[in-house]
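Handing you this structure, nothing more for now.
Chain IDs A, B, C and D follow the sequence of writing; residue 1 opens each chain.
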Amino acid sequence: MAKPLNIGMIGYGFMGRAHSNAYRKVSNFFDLEYQPVLKAVCARNEDRARAFAKNWGYESVETDWQKLLARDDIDAVDICTPNNLHRDIAIAAAAAGKMILCEKPLAMNVAEGEEMCEAVEKAGVANIVWYNYRRIPAVTLAKQLIDEGRLGRIFHYRAQFLQDWTISTDLPQGGEALWRLDVDAAGSGVTGDLLAHCIDTAIWLNGGIDRVTAMTETFIKERQHNLTGKMEPVGIDDACAFLARFENGSLATFESTRYARGHKALYTFEINGEHASIAWNLHDLHRLSYFDHRDDSVVRGWRSIHVTDGDQPYMDHWWVPGLQIGYEHSFVHQVADFLDGAAAGKEVGPTFRDALETQKVCEAVLSSAREGSWVNV
Amino acid sequence: MAKPLNIGMIGYGFMGRAHSNAYRKVSNFFDLEYQPVLKAVCARNEDRARAFAKNWGYESVETDWQKLLARDDIDAVDICTPNNLHRDIAIAAAAAGKMILCEKPLAMNVAEGEEMCEAVEKAGVANIVWYNYRRIPAVTLAKQLIDEGRLGRIFHYRAQFLQDWTISTDLPQGGEALWRLDVDAAGSGVTGDLLAHCIDTAIWLNGGIDRVTAMTETFIKERQHNLTGKMEPVGIDDACAFLARFENGSLATFESTRYARGHKALYTFEINGEHASIAWNLHDLHRLSYFDHRDDSVVRGWRSIHVTDGDQPYMDHWWVPGLQIGYEHSFVHQVADFLDGAAAGKEVGPTFRDALETQKVCEAVLSSAREGSWVNV
Amino acid sequence: MAKPLNIGMIGYGFMGRAHSNAYRKVSNFFDLEYQPVLKAVCARNEDRARAFAKNWGYESVETDWQKLLARDDIDAVDICTPNNLHRDIAIAAAAAGKMILCEKPLAMNVAEGEEMCEAVEKAGVANIVWYNYRRIPAVTLAKQLIDEGRLGRIFHYRAQFLQDWTISTDLPQGGEALWRLDVDAAGSGVTGDLLAHCIDTAIWLNGGIDRVTAMTETFIKERQHNLTGKMEPVGIDDACAFLARFENGSLATFESTRYARGHKALYTFEINGEHASIAWNLHDLHRLSYFDHRDDSVVRGWRSIHVTDGDQPYMDHWWVPGLQIGYEHSFVHQVADFLDGAAAGKEVGPTFRDALETQKVCEAVLSSAREGSWVNV
Amino acid sequence: MAKPLNIGMIGYGFMGRAHSNAYRKVSNFFDLEYQPVLKAVCARNEDRARAFAKNWGYESVETDWQKLLARDDIDAVDICTPNNLHRDIAIAAAAAGKMILCEKPLAMNVAEGEEMCEAVEKAGVANIVWYNYRRIPAVTLAKQLIDEGRLGRIFHYRAQFLQDWTISTDLPQGGEALWRLDVDAAGSGVTGDLLAHCIDTAIWLNGGIDRVTAMTETFIKERQHNLTGKMEPVGIDDACAFLARFENGSLATFESTRYARGHKALYTFEINGEHASIAWNLHDLHRLSYFDHRDDSVVRGWRSIHVTDGDQPYMDHWWVPGLQIGYEHSFVHQVADFLDGAAAGKEVGPTFRDALETQKVCEAVLSSAREGSWVNV
C-alpha cells in the first residue's frame, strides 16, 4: 500500500499547474512506494489560492509560506514562486526538515545558491530542482547512448532556446504573469529562464564547462511596468549567446532569445562525437535524431527515432508504440524518480548542488557579457 | 459547484486506461458543469478488476456487467470490451437509461449497429463513440479550416493507418491482449480497428462515401490461438486497401496494414482542395501541414503549423505555445465535450448514428474485398 | 580516343532540352568509349528547329523525320515527339538500323507497343525508353538494397505522382506545350504521363503486376482547344488511382493526379518488407529514407540518407559528399549507361520490351476504370 | 550572334571542374551576349593539364601561368589554385588587362587582399570571387525577400558550415587534394574555407559586421605531410566559432567545423526579423524555409518553399516546377551574371572589394581566437 507524501505547493502559476498535474497523475502510471497527496497550496492572494486548490484538489490553503512550513502535515515543499523568493523559502524549508522541490533557476545568483545548498545538505533533506527536460524520454535516451559510449570522443556541443513572445513593444513587464521580464523578480532574462535549461542538460550530458565568452542584448529598452504603472527600463537580457569550452575538450555554442520570430519554445541541442551524433528539439520532443558512422556506408543517415517504445526511457509506463506523450510528462517522470529516491533514501538529480553548477555558468555568462571577455566558470 | 457524473467502466485494457486517465484529468483543465466520478469498474476477472480499481481510484468493482447496469449510482457506462460484446451491453445500458460511451468500432457489423442506434435513440440517452482522433487539436483545426471554406472544391482525400507489430509469425492470437487478432472477438482486422478511424475522420471532414472497391490480405494464415492452445486459421484481415468516391465528387484512397515495417501507428490523411491542401499524421500529431495557393507565389510552400497556441482548438486549456500535448489528450477533449453536451442536453458526435455510417463503409469494404467488385455503401 | 555516336533528335520540347543537355555533359563526367555528337535535330517548324539547333549545337536541321532516318550519318535516333508519333518513327528507325532512344510512354497502347518491340528486336538495334527516374542515384540505391535482399519478403508497395498544374479551368488543351492534355496526341492523361513512371519503377523494384482495379476522373470536362479554337471535351484522365497485386504477393496502391494542390511533381514510392522499408520522393530526390528493423531497438528509426557519396550509385562521377545533383542528371546517367551498353553490345534497360510491360499495366488500368472491375494484366 | 569570351583556367581540381562545367553549360540555358570559350588550361603538371583539357574541351594547355597571362587570346582568367597563389596571379592578370574570376577566399590575408583590390581597380578589369552560394536560387530568393522589407528589423543571424571528413587521424595533409589542410597553402582551415562562405552570404543579406569574439581548435595536432613525408604539426583550425554584432544591431553566431559527425557539407543560415524569419541549408539547397508572422494566427507555420518555379530566381532557365537543380548550377548562374555584367560594363558582385570585407572578418576572427578577446573588424 502506497504511503502518503504530503505536498505543500507555494505558487500557483504555470509551473504550479504543471507540478500539480504531475503529482495527481504519477501514481496511475508508476508503481511507487510513496503516493503524493495535495495537502496545501500557499499564495498571498487567498481567492486565487482557493480557486487553485479547488481546481487541483488541494486540501487546504495558506497565504503565508512560513505558516505552511510550520505545518507538521507537510512532508515536501514545492517552490514555484518567482526566483527572488527561492532562497528564503528553501532555507526555511530545509530548517523545517521538509523535502524540497524547487523551480529553476535555483537562485538569483551563485551566492544565494551556495547558501541553499548548504542549508539542504546540513538539514539532510531530499532536494531537487525542476530541470524537467532531462526527463523527456528522448533526452533521457540521449544520456543513455552517451553513457554507453556510442559517441566516442566529443568534439562539439551546441544548444539553443529560441522564443518570439516578447517582440511587441506593447508587452508590459512585471506582476503576475510577466514577472519573468522584471529583473527584480527574475534576476536575469533568457539566461536564467532559458539558457539555464540548456546548461543543465549540457552539463548532464557532456560534463563541466570551463570557460565562456558571452554577449547579451536588450532589444526593447523600456516597457510599461505592471507594478508601477510607468515606463521603466528593462533590466533583463532579451537575448544571450555564448561560446564555451567543456572540461572534456569539446567546443560549444549556446544561444537564447525571445526575438526569434517563428519559434515558440524551440529548445534544441546537438552533440557531435567521433563515432556518432545526437540532436533533439523541444518542438518535436518525442523524436531523437541519431547518426552512427558505424552503419554501412551506403545506408548511413540521420535516424529519426520516434521515442515511444516500451524499451525506451519511461515509455513502458504510457501507451503503445507510436503514441506520443507531451511536455507535461517530463514532470510526472521527475516526480516518479524523486519519490523512488525518497523511498530508497537515495539522492536524485538534479539536486541543488547540481543546479548550482548551472547557476555558476549563468553567472559567468552574464559577467562575461558585461565585461566583454572570457570568464572562467 | 460541479455535479458528479458517475462512471461505470466495463473493461480494463488499453482503452480502459486511456479513458480512466481522461476522466481523472478533465476537471483540472476544463471548467465543466459535470465532474466525472470513477464509481465502478467491471470485469470478469475480479483480481484484475480490483487491481485496476485501486490503480485508478474506482470506488467499487463488479464482475458482471448486468449488475453494473442495474446500479442506480451509475450515470454513464463506458464500454471498453472486445467488439463482440458492444451490442449486448449497449442495448441493455440504453434500456437502463444510462448514458453510453462506447469504444470503436461501434459493432461487429451494420445489423448490430442499427439495433444499437435504435436502442439509444428510443431510450433518449446521450451516446458517443470513442473515435478520439477527431479531437487531436491539429485534426480539429483541419475541420475548422474546411468549414471556413478555405479549401474550396475538394478533389482528393487519402488516408493510411500503418503499423508493423504483427509481422512475426510467433505472435499468437486471441485472449487478453491479443483479441484484436481473433476474428470472433474483433469481427475484422485492420478494417474495423484502424480503417474505421480513417473513415470516421474522413466522413467528418469530407462528407459521405458513395462506393468503394477494396482488397484485403492475411499474410500469415495461421497463428497459435491463446484460447485453444492450437494453431488456428487467422480470420482477420492483416491489410486492407480501398478506392472510394465521396458524395462531393472527390476521389479517395485508403490503406491500412500491420505489415508496414517502420511505422508504429502512422495514421495519416491528406485532403486536396481547389485553393488549399491539408495533411496530418499521428506520429507528429501536434503539427498540421497546410498549403495555401493564395499565398504570394514566390513564398508559397507547405506550412508546418505547430498546433500549440491558445487560439487553436482546445489549446487554451493546456500549457503555453510550443509545448506539445500527446495522444492521451484527445480522450480528455472527448470527455470534456461529452460532459458539456450532457449538461446542455445537446448531442455530441460521433454519436452511435455517426459511427453507424463508418460501420457501413467498413462493411462495404469487406464485402467488396470478398466479391472483387465495387460496392455501394 | 572516344568514338563519335551521332545523334538525331526528333522533337525540341521539354524533353528535347533534357536529352540534349545529357548528351552534351556526359563525356565530361563519364569515361566512355562512345562520345555523343549532336548531328541533327528534326522538327516540322524549321525556325524553331534552327533556334534549337543553335542553342544546343546541333550541326544540322531536318523538317521531315523520314529524311532524318534516311541519313547515313545518324547512328541513333532520339524520339521526343508527342506519343502518337512514337510508333511510326520507331518502326521506321528500326528498319533503318538506327539505335533508338524513345520517350515514355512507349506507345499509345499495347498493340502499338508490340509492333515496336518486334521491330527493334527483328532489326537487332539497341533500344531504350526514357524512364529516367530509375537513374536518380537514390532510386538506383533502392534497387541495390532490394537486390541485396535487405528487405526480405515484400508486403506493400505504394506510389504516387501528384501535380497541381491543371486545376484552372482557363488552361486550354492541345498544341505545342499542351499536347499532354489532348487525348489524340497523348493517348491518356496522368496514366500514361505520370503513372507510367510509377509503374516502370515498381516493376523494376518489385517485379510483375498481376491484376488491378482502378478509377479515373476528369474534373474539368471541357477546355478550349488550341488547335480548333473551340471548347472541346477533355478526353484525358485528370486523376487515376488503382489497387494492384504483384506477382510476389505484395499489395499495392498507385495514385496520380494533376489536382493535388501544393504538389508540383511529387513522385513518391514506398516499399515495406519483412526486415526493412524504403521510401523516396522526387521533391527531395537526393535523399533516400530507409528503416532497418535489425538496428538496435532503442535507436531504430527512419534514416534520411543524403545520397551524395562516392560509393553510392553514379555519385563518384560528380562532386563531393553533401553536394547534391538534380533532376537533369538522371538523363546523363541514362545516356552513360546506354553508351556503355552500346559499346559492349549489351542490352540496357528499360528496353522497349521492358516498357511494354508498363504499357500493359497502363492499359489494364484504363480498362479497369472504364469497366469498374478488376482486370488481369 | 554571341561573342566569344576566351577563358584561361589556372588549376584543375574540384573547382576547376565546377567552373568548366559552368562555362560549357551557360549558353544552353541563358541567352547571353558573350559565349565562354575554353581557350586554355594551365597547370604545372603537363600530363594532368592535358588530361583535363581533353576532358573538358580546352583548346590548349600551359604549364606556366605567366605564359597564360601573356597570351592575347585570353580574355578572362579563372584562378582555381590553392590560396597562396591568388595574389600573385591576380595582380599579374590585372596588369595584363584580363578579367578575373578568383576562387575564394580572396587571399591569404587582408594585406594581400588590399593589394589585389587595388590592382584590379587600377586596371579597371572586371573581377568577381566565387562565393557561389549567393546564386543558389533559394539563397537569392532570401536576398529578394529581405530587400523587399518582408522581415522588418533584424534581431538575429546565425550560420553554420559543418563537415565531418577530417575526423580520422590517418588522413594526411598537404599536396594535390589535401592542400586545404596545409596552412602554408590554405592560410587557415575552416575559417577561410567554410566560414568565408557564411560571412560572404551574411554581409550580403544583413550588412556589415562590427566586431567578433572567436574560438578555434585543432583537434588533431599532427598529421603526416604529403610533401615532406613526415609527421608535421597541423597549422590550420579544424573548428571555429564566433559571436558577432552586425552594424544593424543584430546579434550573430557563426560556427564551422570538419568534426561534426553526420554532416557532409551542411551550410545553414537563419535570420530572424521582426515580422518574418528565413532559414536555409545546403543539404536541401532547393528549399527555403520562411515564417511570416502576418499570416492568420491559426495557420501560421514555417513554410517549406520548393524553389523550382519560373518566378523564383534563375528558375525560368531550367526545367519545370518541382524538378530541382543542384550544387553545380550556382556556378552557372554566376557565370551568366558575370557575362551579363561584362557585356553591359557593369560590376557584378561579389567583387574583389566585396570579398575583402569577408577577408577582414576572417582575419578579425582568427585574431580574436588567438588573443581571446573581442576584435573590431
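Everything below uses one rule, namely that a residue touches a chain if its C-beta (ideal position, glycine included) is under 8 Å from a C-beta of that chain, and two chains touch if they have at least 3 such contacts.
Worth saying up front: this structure is predicted, and the values here are computed from it rather than measured.
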Farthest chain relative to chain B (centres taken as mean CA coordinates): D
Higher-contact pair (C-beta pairs counted), B-C versus B-D: B-C
Between chain C and chain D, centroid-to-centroid distance (C-alpha), Å: 36
Distance from chain C to chain B - Cα centre to Cα centre, in angstrom: 42
Distance between chain centroids, defined by C-alpha means - chain B, chain D (Å): 55
Shared-contact residues (touching 2 or more other chains) in chain A: 263, 302, 306, 309
Parts of chain D lying in touch with chain A, wherever the complex brings them together: 155-156, 158, 162, 164, 167, 213-215, 217, 219, 239, 241-243, 245, 251, 253, 255, 257, 259-263, 272-277, 291, 293, 302, 372-374
Complex contact set, residues of chain C against chain A: 141, 144-145, 287-288, 290, 292, 295, 297-306, 309, 311-312
Sites on chain A touched by chain B in the complex: 14, 18, 20-21, 24-25, 27-28, 55-57, 163, 165, 263-266, 282-287, 306, 308-309, 318-329
